[in-house]
Structure formats: structure tokens, C-alpha cells
Amino acid sequence: MGTHNDAVDLSLMDDVFREYEGQRGALIPILQKAQEKYGWLPPEVLNLIAKKLGIPVSKVFGVATFYAQFYLERRGRHILRLCDGTACHVRGTPILLTALEEHYQLEPGETTEDGELTVELVYCLGSCALAPVAVLDGEVLGRLRQNMLLRTLKKRIDLAKPA
Amino acid sequence: MSVHASPSLTFESPEQGPDSQRRCVAVCMGTGCSSSESALVRERLREALVEQGLDAEVEVRRTGCFGFCEQGPITVVYPEEVFYTRVKPRDAQKIVEEHIVGGRPVEKLLYKDPLREQPVQKWHEIGFYGKQKRILLGNCGVIDPENIDHYIAKAGYQALEKCLTQLEPTDVIEEVTKSGLRGRGGGGFPTGVKWGLARKTPRWPKYVICNADEGDPGAFMDRSLLEGDPHSVIEGMIIAAYAIGAEYGYIYVRAEYPLAVRRLRIALEQARERGFLGENIFNSGFSFDLQIKEGAGAFVCGEETALMNSIMGERGQPWPRPPYPAVSGLWDQPSNVNNVKSYAYAPAIIRNGADWFKQIGTPKSPGTAVFALTGMVNRTGLIEVPMGITLREIIFDIGGGIPHGKQFKAVQTGGPLGGCLPEEYLDVPIDFDSLQAAGSVMGSGGMVIADESTCMVEFARFFLKFACEESCGKCPPCRIGSLRMLEILTRITEGEGRLEDLDELKRLSKGLQRGSLCGLGQLAPSPVLSVLRHFEDEFRAHIVDKACPARKCKALITYEVVAELCTGCMVCGRNCAANAITGEKLQPHVIDPELCERCGLCYEVCNFDAIVIKSPR
Amino acid sequence: MTNSIRDIAEEARCIFIIGSNTTEQHPVIGAKIRRAKRHRGAKLIVADPRRIDIADYADLHLQHKPGTDIALLNGLMHVILREGWQDDEFIRERTEGFEELKPVVAKYTPEVVSEITGVPAEDIELAARMMAENRPGALLYAMGITQHTVGVPNVMSCANLQMLLGNMGVPGGGVNPLRGQNNVQGACDMGGLPNVYPGYQKVTDRAAREKFEQAWGVSLSDQVGLTVTEMLDAAERGDVRCLYIIGENPMTSDPDLNHVRYSLQNTEFIVLQELFFSETAQFADVIFPAASFAEKDGTVTNTERRIQRVRKAVDPPGEAMPDHWIIVQLAKRMLALGATTPDPDAPFADWEYQSWRDILEEINALTPIYAGVTAQRLDAGEALHWPVFGPDHPGAPILHVGKFTRGKGRFVASDHTSPAELPDEDYPLMLTTGRVLYHWHGGEMTHRAQGLEAMYPEALVEIHPKDARKAGVADGDLIKVASRRGEIVAKAQVTDRVEPGLIFGTFHFAESAANFLTNPALDPQAKIPEYKVCAVRVEKAGSSLDERAISE
Amino acid sequence: MINLTINGESITAPEGATILEVARMAGIEIPTLCHHPDLSNVGACRMCVVSVQGARALQTACTTPAADGMVVDTMSEDAVETRKFVLEMLLTDHPNECMTCEVNGDCELQDLVYDYGVKWPEHNGQRHQWEINPDPNPFIFIDRNKCILCSRCIRACNEIQNRDVWNFAYRGFQTKLVAGADQFMLDAGCESCGQCVAYCPVGALYDKMSIGLGRVNQITKVRTTCSYCGVGCNFDLNVRDGRIIRVTSAADAPVNGMALCVKGRYGYDYVHHPDRLTRPLVRAKWLGREAVEERIAAGEWAIFDEAKQRLTHRRPPNDAQTPIPNTQYPNTQYPNTQDLNTQLPPDTFIATDWDTALDVVANKFAETKKKFGGDAFALLASAKCTNEENFIFNKFTRQMLATHSIDHCARL
């Protein structure tokens, strides 16, 4: 599970639990809210959720690891979600990936050592008409080309100089 | 929750009605256009109007997707329906000054059809819309999805009123059954029959569930519908609930659709305020409410039993049927799961009658089909066409053919669980059964066009990789079998393939189809099989000649400099992270195939087309 | 148990556990109860001074002070009567003494009971409602009820509650003591008691006496014999000269071990049959190496009165021999010495047993409740719950169906009486004792089961953070626990499983057995010692003590 | 009652039974892996698929209720081929180690692979390489590489033991059997009952104490009753060469079925502990100096080292990380005192022989009875002895010693 140094403030969860009090099947929304608050799902939080909902940790962990949306590890300060939906795929996402791997030694799902950038592969952001698309920290980058992408990244993020 | 004894179907302030002759500039605020600054466009338009002191008379309206995302951001000026494309924020000024004030449409913002020399003025004259028939998307681009009055003005919630005040639940089911509506999730199961089954089970509570977990990469029909006309889906669900006897419902929306979720939230609130949701709707004694459940990123949750597990907070794994949801679904109660579109048809069918619906489309697949037309085609976007139209019409008349004069190669429908069809199938009429016969499927509406530059082997591998990553892992055929297939396909794209692999792929496919627990595993081999069936020569090229005809598979291609064209500008060298490109200034450069990573950056940046991609043969 | 494990697990709609750490002491029953609660929706109420494991699964945990069971049970009955939830028909048809019960119970309003037990009044109300609304309900208890100076009244009060609810003689109901040892039931059934012959035939009963006199060909006393604790006192006085012990370890299992040690030292001749050189062995004169359960054949009787087979799987080590062989050998030698001269014509005068089957036949002949428990039926795999009155009698998984064994069920009302020793200035804390999942009794076996020993290698004493702070003790510190009778050193386990003012210890570890501390005060009737309550004080142990605790 | 046809045979069955249950009642075998009669059905492993007339696809017999008029073929080509495919797929991610596997000959996967004639699938694709035995639990051994993800352990823990220690994490080919949040079992609330092991159809979960000590064809099973608490659980002692090497659950155990607790399943090794007493012991003072010296000199008797015995009682605990070594057969040392002139304290225990020891006791008892009568005796019976032993001990008390002073630990 996630490595992390500074302590996690569990009180953030109080109103989440209040919101879903007595609701059936609330585990997933609660995990989503938790991730909104912490950016990922720290072990302490998983344990707390299990305790509060009266369900085994094994179940919480099983669910949290099943869905792609949940992160059990810290992520980078900047997050690039690269769309590999069919439309984007045929319009060049693979080659964008190669460029990224080439320049940042980053495979999808990985984070740079300096914790600056996380690259994720997602299937369809629903902007197929702008394919290939990526989302950098929530901003949509449409009709991408390798050099465009690399330039934007350089501009946006000061990364420990990639080898 | 505020519950009105009797909800009103009249506007609270009529002049806001979209049909009013009042001038209105509609700006698309769908995900597509939003991602190219349409919000800013809207803002600028407002400001410009204020400057002109016209903000009182002219409404700037937020609308859902027009479908023609390719040309986004879209802006339409009503009532003339002048259709502006690729509108930048700075164009707002012009639109207001020249068009609104001056009455002269802004020439340079009009859509230029590659097939016609005159720019097209009006929305419906554009080829892209020519052959469309917009039932579900009828309100998209017309009404403000965040304003229930707009929906009501378009006869919204009248069907619901009719059901609750004039029809017995069984009448509703009969009408829907008579209409011949088939499930738009891809299964094509008769919706009316499905509702009938759920009604038959004498256990309460019952649930209606809307499957908006639009997982197919390259599909965004459901998203656009939810963003552009959320009430039609909600109304459809309430009608279904009434027919089945359910008192609660869920809309399971894909996590990646924040805008759709927001619009749904607003719509639900407004529907509750007006009493369309809640207790004793239309004084009929019937009560119903529903909530949104956001998915958490699992394609398999598009499978109805997995979806219900997910709603219950479990791992999204399917269960073997029986028990069928109609008998024992959510929390072991009778449940009805339909796709977004299936529900959205219901109001129209109830309003206009089964016969009206049946005369659209084909006898066995009545109604329309909504597709997200994407890939290597001139006009990409969201389209709605009558069933029975041919693939060729869609791709060439609506889609405007293949860009850059390239050759059409294949059309993929049905997403990762669908299939690819080549040229010779282009005249197949679109409907559930014909597509199936041709070796593909209707699916939920993704339609991706591949041109000569697409490697079909890699294409097949792409879909299988997706299925493999999305396998829930419950049953061995899918969990392990899909990986074994992927390993073979990867091998082939890397030039390590053997001819026996083709039979092995077929054998494994059979195993998955026959043995897998749910649709995901059973259909995962479909893309591979269809490619094997229609493009076996490409497979052979990879295996026998170690060549990638489309020059896409990294292991089988080389980048080379055409000395005659190279000016030695050194741009490529500077961009090459692998330092594979050498050469003196102003001298032709050379690429070392050993060092080259095939990232294609040089190809991209060369201003003289001096770099070519080569593959044997 | 009046009912079978099966019907409690599958039929009871409410399960009330009082004074039983079921999931640790009878884990398989514990698991069945968890299953009943979670997969069958049975209601689960746990009354225990500690937040024991199963309390975490309960709908309601009544954390009452040790030694206040009668008050708690009376409180429950008070609410039931006040609300008119009692089963009048059952009371009318099946019981007597109800009128006497009423006035007693009337005094125990939830408020009063809350005062005595420390359980919130509303929880008492709620518990009573659950029991009333979910019938049949089974009551399970163990040593937590019996090991008190009021052990017998405690049990009576349990019976009162169940009769009041009409929970007797029905599947899923009953008063169900969970017996500790694998054959403690059988040992009682087979006359391992000073007041009865096998099958609970009273030694004071003339007919019974004559029956055995004729069977064994000797004349028998009509005087009740001594109980364990009385034996030790008699030994201390020198009245008992020979002590013959089979597979028991009074030097860890009896209360006030210092007194036990003194008594044993004082006994002239002690014979012991054991697997291991136990604490008690140190005081023995002759030790016979005995066979373990895996090394002999025979039958045992479980807590639900079911008789089952034990089968020989391996040979005893070295010269070790099964206990029955040893006893027979001694008997024969004593006959040879003329120590007793039974009438040779008596059917069972002699000691010529070829195997356990021969003994079982004698049991069948002399023990009515075992009359039908034949080797043949056991071999045929029949499930036999005594009483099995004859070869064709099916046995009785459930007792008191239709009518109680004694005719009518008798309500015997009791009032709350405080334990014999309560905390005071000198000994401010209350000690209650018990066992843990990984060890068994004196630990003769479990300390030599390497996995179990690895799981729980040393004595722990549970103490509440508050008391720990007072005593300046941190989790894992060695502490000295002292009572008026002795002291031990053990590791502190700071936990809120116990309430402030209460500590918990075990007697699994000889050198720090809680029984150096426990109070030998007895229940006047059952002669059972008050293991569950005594007064102690706690202090951090000095390093010298650390040494001892570790090295010993 | 309903009527259906399975493999041409018409069968009458109770309402609500599954196809699998009906078939097995009728003696028609349908192979299963994830199914177990004690546990809920999940239809995951696909082994029990059968063809049902009119059904679109194969149906899992374990989850499909038998219906009136149903026509089932359990051996249709589709069904058989699917089973072969499933087994083949499982093998592509399973080590080929039957030769050294603990459960060789006692493995449901192995049997089915054999029955369906599935060949070992060679391939150089991905195989799991989980760490073997990564968990310090002293009783339960895990080899995830052998896990077929049937979830029987998960359901056993959830439905039988109700501890919910186990669950699946991640998904697809990455699916992993984890305790809690991928922790050590004991940290995830495990109480080491071993139910997960008992229900594992393959060698993924096994009893750590028994590793390398014997496989099913090398042992004999002896059904007996547990020696710990009063529940009366039955189980099989697995015996090899006169040693108990393992305890296994017995599905037909009347009280407990497959369920056991940590003591019952893993607390048996005391039986073979070196501390076991193996010879009758008598204090020197009851034997007489001469006898003792003679017999010791003759090598018949020996001095018993009491101090040593008491120490072994408090052996420091094993390191839980390392698998428990098996205790050797009792080899207690009895030092022969070379020099008989050394003073022999009268309280020294002498390891004697049965005749001597029994006579010492018989004589002492007889003499005491003569002098002081029955009241001079007190006897403690044992709740650990059999009914028969307790009976004759009670007879010995009353008939032989003429007293009723017999009791036992019933109250303790």
C-alpha cells in the first residue's frame, strides 16, 4: 500500500460519513469522496472506512483495488491523462506514448521520481472529435502532436531534467 | 424535497421559451466544445451584447451537443439557424456586430463543406445533418439542458402525464412492446418485453436502473444525450418505473463524465421541484425517485449484473444468470436495467404512439440509431440516423469520406466487443441483425473509421488489450484466455508471429466465447475474429514478410531520411531524444535504426517531408 | 446443555450469551453463533464484564460488573413481567413457584439493576425486548456464571429467565452450559463426583447403593465424599493420607495455589497418572506415564451430551500405558493383596476387562442414562445424546420436551449477593480470570504445541489504560499483581477490553498463574470456588522480577 | 417435485434444487472446482457448465435451478471442450510441480486435468511468480502460484468462520488473494482456524506444520474426537510411521463438519513432545536404598532428572517466522550414576518398571486402607480421560478403596 511520510488527518472524513449515514451500498461513493479529499486512499483511511461502515478491511481493499479510479499510492503534483480511446488511438496516441516514454522514461501509471508528473492512460474522455486528446491537470489538450505535448509539458512543469 | 400537488406543464415565464421569436445565440457547451473554450465564447458574446445594449433582447443560450464536434465550438444564431463553426472567443465581437446588429452572417465562420464551394449558412443544409433523423438528439443544441422549462416547452413530461393519468402500466408496456423498440445497449432485446418480465415478478420493492456506464472507447452518445437533454432520460425512467411498479431508481454514470453528472443533478433537482419526481406524481398515487451513482472506472460494470454489484458497493463482478435481474437483481429484488437511449425513446413513443415509431427504420429494428462517428473521417461527431441506412451513406454522405484523400480500410462498430467491416460491406444496412450477419454488431453506438494508415493487426491487439485490462478476473477463460490471446497478437505485431498463431487465436477465441461467464469474455474475441476474417492478409504480412503494411508496428518499420529532400536544417536531430540522427548542418542527415526509438518526432517536425517510414515489401 | 449445538446454531432466533467467552473457549460453537447472527439474522446478546471477541458481533453487549449476574437476570425478568411478555401458558402448564418469583424480581427495576451492574437501564430494557420478540431464544453460559460463591443461584436465575420466556424444551431454546474439558461431561456422568454413582444415582439413595453393592459385591457407604477443595483441606489436616490423581494439575487449576502447595506437601502419598511432569508431579510419590487421547480407545461425552468415539492412532511413547490399563493393574494387585474381597458371584465384582467395550457393557448395565449407548450403535455412527434408556431408545438431543425431568420446572428466585471479596483501599482492583484462544487450562498440552506456544508465549494481564496510567504501567511492561493470597508477575496488556477497575488474567502459565491470587471462597452447594472475582493491587515490577519472570 | 431429463435419464427432483444437486442425487457426476456443498455458489470456475436445451449459452450447473421439463446434457461437446479449455488455461498459470506438491494425489485440479486428458500447455507467456510462503502465520502456508482463484477460502472464512480475513484484490490476471489490506493474516484478524486450508481444492493453502511429512497415499487417517474443549469436534488424525503428522477435517463430522479451531487443528504435536513421561517414576524412599542401587547398577532403573523436566515446561517460544520443526520421538535422557556411593536423596525420582511401581502403590493403598479405612483416600478423576476410564476409576474408588471421595475439575 501507499508510502507516505506526513500523518493523515482522519477528521476530514467526518462529514463524509455523516453524508452517507445509513445509506446502503455507500462504500464506493465514500471511497470517491475520500480520494477527493486526500488525492489518494491512505491505508489509515481504508481502515477507518471499514471500521465506520462495520465491514471487513479485506472488502474495502478488494473494492478499492478493483476500480481503476482509486489510487492506493500517492500521485504526482501534475497529472497527465492521455486518452487511448479508439478514436484517439487511430489518431496517434500510441506515438504520443512513445514520445513520453522516450523523454521522461514514463510508462502509463508511473510517476516521475521527483513526484512532479504522473501519466495515466484512460479509455475515452469523450472528446473523440478532438482526437488525440489529453487532459493535463484538468485542462483538455486537443488534436495533440508529439512536439506540442512535449512543449506543453516543459512549459507547465519544471521536471528534474529528463535524461 | 418540495412536492407540488400537480406539476405545471406551462412556463413560469413564457418569453423564455426557445420557440419564442426572440433572437437567441446558442453556444454548444458539450464536453467536446467546452474543451475548446466554448464557455469563453459564451462569455464574450454576453459582453459584446451588453456593449451593444442588446443583452435584454438577445438571449445567449447554453445548449447541449450539436453533434458536429469536429467543427466545435459550435454557435447557432436563432431563429435563422445560422450555423457557425470553430468559433474562437475573439469572434464573439464579430458575430454580435456583423450578424446580430448588422444582420449579415459572418462569412468566415460559416461551415465550408469540402464537397461544395459555397459556404453553408443554415444548420440543416449541412451535409453532416442531411441524412440524419434526430429523435433522441432533437433537443440537443436547441434547449438549455439546465432549464427544465425548455424541456417542457418541447412537450417534455407530457408523455409521463399521459401515462400516469390515462394509461394502465400494462398499457404502457404494451405500447412500448408494440413499438418494437430494442435495447440500445447493444443487446437488442425488446425493451417492452423486458419491462413485462420485471413487472411479472410479484416482489417489492423493484428498481429501475439506467446504464450510463458508457465504457466503449470512442463512444460518447450517452454522454451527449445526458448533457444535452437529461430530462428525456429521466422522464423515460419514470415511465418505465410506472410500467414495472418500481418506486426507486439509479442512474449509473461513468466516472469520466463530470459534466453529464452535473447536468443530471440539476435536472433531478428541477424535476423534484416540479413534482415529476417524488410522491404522488400527477396526483396518480404513483411515487418515484432516483439517484445518481458514479462509476469508479471498470468497463465490466456495463454488464448489468456487474453494474448492480457496483451499485451495492461490491467489486464490479458479474454473476451468472439465472437469476435474471427481472427476478432477482439489486439487493435480490426485481430490477430493470436499460441503456440511456432505450429510456430516452420512451417519452417520444408514448407521445407519438408505437406506429409513429415503427414507421421509422426497418421492420425488425425500428427507430433510429445514434452513433459517435470518429476516427479517420472528415466530419466526426455525434449523429442520429434512421435504422436501415447503409454504412456507406454514414461514412461518405454524413461523414464526408476519408481525409487527405487516403483510402478507406475498415469501419469498427460495437467497440471492444464489436467487429470491423471492410469496403465490401459498406452497403450493409444498419440494423441489429444485418450487422451481426456481417460479422460485426450494433453495439451501443461507437463507429470508428480506419483508413489505410491503420494497422489492422495492431487495431485488433488494441481492442484485446483493452478487454484484457478490463477483465474482472472472476472466470478463468476471460482472466487467462484473453491474456494468452494478447500475448500472441503482441508477438505478431513485434514480428515474432508464426502461421500457427492464426489457428491458435481462433481456438482461444472459441474457448472464451463458449466458456466465459459474461458478455465481456464471450465477446472479447470478436474484434480479433473479424479482423482475422476480413484482413488475414495483413496478419500474414506481419508473420511471413515481417512487414506492417500500414507502417505502424514499431518493430517492423524504420525511419529514413530521403537525402534529396533533406536540407540539413537539423530540426530533427535537435528533437531526437535517442540521438539517433546525425548529420552536418546543411548536409543530408542519417537515422541510425539501432538507436532510433521510432517515436516519430522527427517525422513530425520535418518541414520538408524528408523523412519517410519504411517497412519491408 | 439442554439443547443441541445444531439447533442453537440453526433454530434459535435469539442467542443470549452470559459468562462465556464462546469464540475463544468453544471456538467452533462461537463460529456457528457468528454465522447464525450474520447469515441467518439471529439476534445476539452478550453479557460479559469484558469486551470479549464475540461482543463485537453482538447486537447488544451488556458489560456488567463481575458478580452481578443475578441482578442483571432479575432486571431482565423484571422488564419482561412489567411488559407482560412472559409465556403464561408455559408457566401455567410446565412450572411451579412463579408466584414466589414475582415479588423478588419486582424489586429489580432497570434503574436499581443499573446501579448494581453498571449496565445502562435502557440497554436492559432493549435486551428484554429483543428476547421477548425473538423466540425461541437460547441461553448459553459457562464458568462466568458458575465460578462464583453464588454459582448455583446464578444458574437458577438463568433457568428462571428461560422458563419465563417459555424457551425450555423447544428447538433453539434451553439453558446451555458449555462444558470446559473434552470429557468433563463424561467424568460427571461416570460418577467422578463424591455424591453420585454413575448416571447421577445418589450415594445417599438406598436403592442406588444396593444396586451397586450387588453389582460390585461389596458394601458401600451412604456418606457423601469430599470435593476437590474439601480434599485439600482434609489433606492439610492430615486426614487424607493418599491422593490418587489422574490427569489433573491442581497446582495450576485450583484456587489459592499456595494453599494447594501446602496441602500437597502435607499429603503422605500421592499417586499421579500424567503425560508430562506437571507442577503437581513435583509433589507426587509415584508417577505413572499415561497415554494421550491419540493412544487409546474409548468414548467421550461432549457438552451436548453426545457420546462419541476416541480411537487409537499411535502407540504411547516408551512404556507409557492407557489409564484404564493402569487402574485395572492396580485393582488386580489389590485384590491379590486382599485389600478388598468382593462377593465373587456379583456380576461385576472382577476386573477382567479385555477392552473398553467390556467396560462400556458394565456402564450400560449400571447406568440407566447410558443403558443404550452400546459399542454397536456407536460403531454404526449413531448420534447418541443421553439419556439413552435402552438399546432401542433414540436418546434426547433436547431435554425437558413436554415435561421437565423433575416433573414441573421450578422457579427459584434469588437476590443479588456481592462476591466474597471486593476491592478496598489495600486491594483496589478487581481481578477476573479466564482462558485465551491459544492455550488450554494449565497449558500442559498447549505449551508443548509449538505453534500455539509461538502464538501466545507468555502470560498477559489485561488492564484498562486508566488503571495502567495510575500504576505508571505501559503496554508490555512487567507488572506485579498481588492479592491477599499471593502475587504474580506478568506482562501488562493495556486495553479497553476491560473496564476501569477490572483486570483480567489467566492460569495458563504456571509461574504467573492467576490462581496464586484467586479466592478459594466456595459456593455452599456446588462447592465451586469464586475464580471470577477477587481483590488485587497492581504495581510495576522491578528488574529483579523481570529476570525471574523471563528465566523461570 | 419436478421432472427433468439429464443425459437422457428422466429424473424427479425436489423444487429449488440446482442442476448440480439434482445430478449428484441421481449419481451423475458433474466436475466442479469453486463449488463446495457447505458454501454459497458463485459460478466462477466454469467447470460445471452443462448444455440446457433452449438456453443461449452453457449454464453453470451449480447456480442454475433445475426446472420442470428441463433437458440437460452434462457431457455435450461444448461442455466438455469448455472444461478442457478452462483446465488448460488454469495450467498455463500453474506450476508444474505435482511431483513435489504436498497435495499430490489429493488435488481436485490434478484429478480433473487427468480425467479430461489435458496435456501440459507449454508457453513462454506470463506466469505469476508470487513469493512462496510469505506469511509468518505459524500454521498456514500460502503458495499463491498454485491458487486458482476459486474463492473457496474466502467464502469459508466469510460464511463458516465469519472472520472475513480473505478477499480478492485487484482484477483480471492481476487478481490476488489477500488477507485484509494485503497484510499478514494475523494482522487481518485471522484466528488460525485453518478453515481456508481445509476448503482449498489445490495446494495453494496448506498446513505449515505438516509440510514434507507425508502425502495422502502415505498416511492412514484415524477418526477421533478432539482432546481440548467440550464441543466434541471430530477429525482425522493423519498418521505416518506411528506419528501424527497432520489433522484434517472430516466433512461428515457430526458436530463440527469441516470446522475446527486452532487448538483442534494445530494443537496435536504435544502428543510427540520429548517431555512425555515414558517410564513409571517412584521416589527413592519408597523403593529402599539397596534395591535402587542394585537395579541402577544393573541398568534396569535410572535416576530421573526432575530439574531438567521442569525447565522444558517453559521453553522460550519458537520464532513464528520459521515453519515449526517436528518434534522427535521421546528420547528423554536418564543419566546412569556411575558412582553409587554418592548420597542418593530419598526424594529422587527413580525411573523404574511397571511391576515395581504398581506394587509400591498397591501395597501402600492396601496398608493405608487397613490402618485408616476409606476416609484416608481422595481421588481425582480426569475430564481428559474416557468414560470407560472414569467409570472404572469410580469403581476403583468405591469398590476398592471404600470411599466416595472422588471428584474432578468439573468446577475449575
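Every chain is named by a letter (A, B, C and D) in the order it is written, and numbering of its residues begins at 1.
One rule holds for everything that comes next: contacts are C-beta pairs under 8 Å (C-beta built on N, C-alpha and C of every residue); 3 or more make two chains touch, one makes a residue touch a chain.
From a predicted model like this one, the values you see are computed outputs, not experimental measurements.
Undergrad: Based on CA centres, what chain would you say lies at the far end from chain D?
TA: Centroid comparison gives B as the farthest chain from chain D.
Undergrad: With chain centres taken as the means of their Cα atoms, state the distance from chain C to chain D in Å.
TA: Each chain reduced to its C-alpha mean, chain C and chain D end up 26 Å apart.
Undergrad: Round to the nearest whole Å and give the separation of the Cα centres of chain A and chain B.
TA: Measuring from centre to centre gives 23 Å for this pair.
Undergrad: Rounded to a whole Å, what is the gap between the Cα centroids of chain A and chain D?
TA: Taking the mean C-alpha position of each chain, the two centres sit 46 Å apart.
Undergrad: From the mean C-alpha coordinate of chain B to that of chain D, what's the distance rounded to whole Å?
TA: 57
Undergrad: Can you pull out the residues of chain D that are in contact with at least two other chains?
TA: 168, 170-171
Undergrad: Give the residues of chain A touching no fewer than two other chains, as numbers and ranges.
TA: Residue numbers touching two or more other chains: 62, 66.
Undergrad: Hey, how would you classify the chain contact layout here, line, ring, star, complete or other?
TA: other
Undergrad: Contact residues on chain D for chain C in the complex?
TA: Per the touch definition, chain D meets chain C at residues 138-139, 159-162, 191-193, 208-209, 222-234, 237, 239, 242-244, 254-256, 259-264, 266-273, 275-283, 286, 306, 309-310, 313-320, 324-325, 327, 329-330, 332, 349, 353-354, 357-366, 368-370, 372, 374-396, 398-400, 402-412.
Undergrad: Sort out for me which residues of chain D touch chain A in the complex.
TA: Residue positions touching the partner: 164-171, 178-182, 188-189.
Undergrad: Can you list the chain B residues touching chain A in their complex?
TA: Against chain A, chain B makes touches at 31-32, 34-36, 69-70, 72, 214-220, 223, 255-257, 293-299, 310-317, 331, 372, 374-376, 380-381, 412, 415, 446, 448, 450, 454, 458-459, 462-463, 466, 472, 552, 554, 575, 577-578, 597-601, 604-605.
Undergrad: Across the complex, what residues on chain B touch chain D?
TA: Residue positions touching the partner: 298, 315, 319-320, 322, 468-477, 479-481, 483-484, 487, 510-511, 514-517, 522.
Undergrad: Any idea which chain A residues touch chain D in the complex?
TA: Touching chain D from chain A are residues 1, 43, 46-47, 56-62, 65-66.
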